[in-house]
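Everything below concerns the one structure shown next.
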Amino acid sequence: MPFVNIKITREGATPDQKKQLIKGATQLLVDVLGKNPATTFVIIDEVETDNWGIGGKSVTEVRAAAKK
Amino acid sequence: MPFVNIKITREGATPDQKKQLIKGATQLLVDVLGKNPATTFVIIDEVETDNWGIGGKSVTEVRAAAKK
Amino acid sequence: MPFVNIKITREGATPDQKKQLIKGATQLLVDVLGKNPATTFVIIDEVETDNWGIGGKSVTEVRAAAKK
Amino acid sequence: MPFVNIKITREGATPDQKKQLIKGATQLLVDVLGKNPATTFVIIDEVETDNWGIGGKSVTEVRAAAKK
Amino acid sequence: MPFVNIKITREGATPDQKKQLIKGATQLLVDVLGKNPATTFVIIDEVETDNWGIGGKSVTEVRAAAKK
Amino acid sequence: MPFVNIKITREGATPDQKKQLIKGATQLLVDVLGKNPATTFVIIDEVETDNWGIGGKSVTEVRAAAKK
């Protein structure tokens, strides 16, 4: 009965991509540990780029700097 | 000083139901472990059905299949 | 299919008390939101008192001050 | 490669304040543990006041009572 | 820069199985969303069976009942 | 009433360093958002290096490669 939480920045992941994440993460637990998919949960959190930091800067800042 | 995080799908929980979850979870910690309610936190996360998976499928898919 | 995470300090909760937390939290989701207990998860995290802070101090410090 | 998650109520934190939280939390890990900022993540979760409870009441209720 | 948290019961996952979980979860984010593996984190939490509940019972109880 | 969760690898952080993390994170919320330290929680999770992955490898592997 595993629980998987995937956090990504909110930058346009589509419903189909989310389905692939859910399917793939569930299959990974089945393949590696023989877990039962029926009781495997996957939760995807999409985080605003203002609210995610790396290297001491928000992803909003990182993305803006990358465009320059 | 317990911390309780309740994750549910975003499917119409009302403010009153959320109050009941907060009150009930806090009381549970008081009853079972004698914790101080004044420093007991409860956080409810409501997750889009596209972003919650079970059995390798999103809850959006599960709900649609159940209606058929 | 709710997910409940209860974080408490590691200060001697017994297996029986943990059973009560699991049972009570699951029942709360059934009672308030009509959730299916069979797919309701509860995870209890016990955190060392050195690793939990409140008011800017570790719980180890808070407990020691309370004994003086 | 630390990971910091800051949960606050959604009550108007500005992008600039979020930048300060990201910068400050990252610097804290550098100062105290010598961690590499380039692989330090900070995620800020802003939680609706209906969804955050303390003392058995939602923050919405707590704020309303404080205004009376 | 995704973050993946996998929670499983502590029931003997080996270091090699953990490596497979880390490798597989990272590859999933690369394949589905084109994320950079260098800044993809995976954290595995192993939870005692007394501390994980499903269906209102601890996994310790569930495992014991299954053996009867 | 903020909640801060700091996840680090378990590689020898001392009780004094943890106190500094708790004090610093609490002060950050006071300074940036004017939060009340009395209801600010900080939880530090120390994660085994086998259980933390970056770049598709466990930190155990990363540390071993760095020593070569």
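Letters A, B, C, D, E and F mark the chains in the order given here, with residues in each chain numbered from 1 onward.
Throughout what follows, contacts are C-beta pairs under 8 Å (C-beta built on N, C-alpha and C of every residue); 3 or more make two chains touch, one makes a residue touch a chain.
Remember, it's a predicted structure, so these values are computed and weren't measured experimentally.
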| item | value |
| --- | --- |
| Shortest contact path, subunit B to subunit C, counted in steps | 1 |
| Farthest-lying chain, centroid of Cα atoms versus that of subunit C | A |
| Numbering shared by both copies at the subunit F-subunit E contact, with half separating same from different | different |
| Cα-centroid distance, subunit A relative to subunit C, in whole angstrom | 26 |
| Distance from the mean Cα position of subunit E to that of subunit B, given in whole angstrom | 21 |
| Where subunit B touches two or more other chains, by residue | 1, 3, 7, 21, 25, 39, 41, 43, 52, 54 |
| Listing of all chain pairs that touch each other, if any do | A-B, A-C, A-D, A-E, B-C, B-D, B-F, C-E, C-F, D-E, D-F, E-F |
| Touching residues (chain side subunit F, partner subunit D) in the complex | 1-9, 13, 17, 20-21, 24-25, 28-29, 31-33, 35, 39, 52, 54, 59 |
| Residues on subunit F engaged by subunit B in the complex (per definition of touch) | 1, 3, 39, 41, 43 |
| Of all residues in subunit C, those that touch subunit F in their complex | 7, 47, 50-58, 60-61 |
| In the complex with subunit C, residue positions of subunit F that touch it | 15, 18-19, 21-23, 25-27, 37-46 |
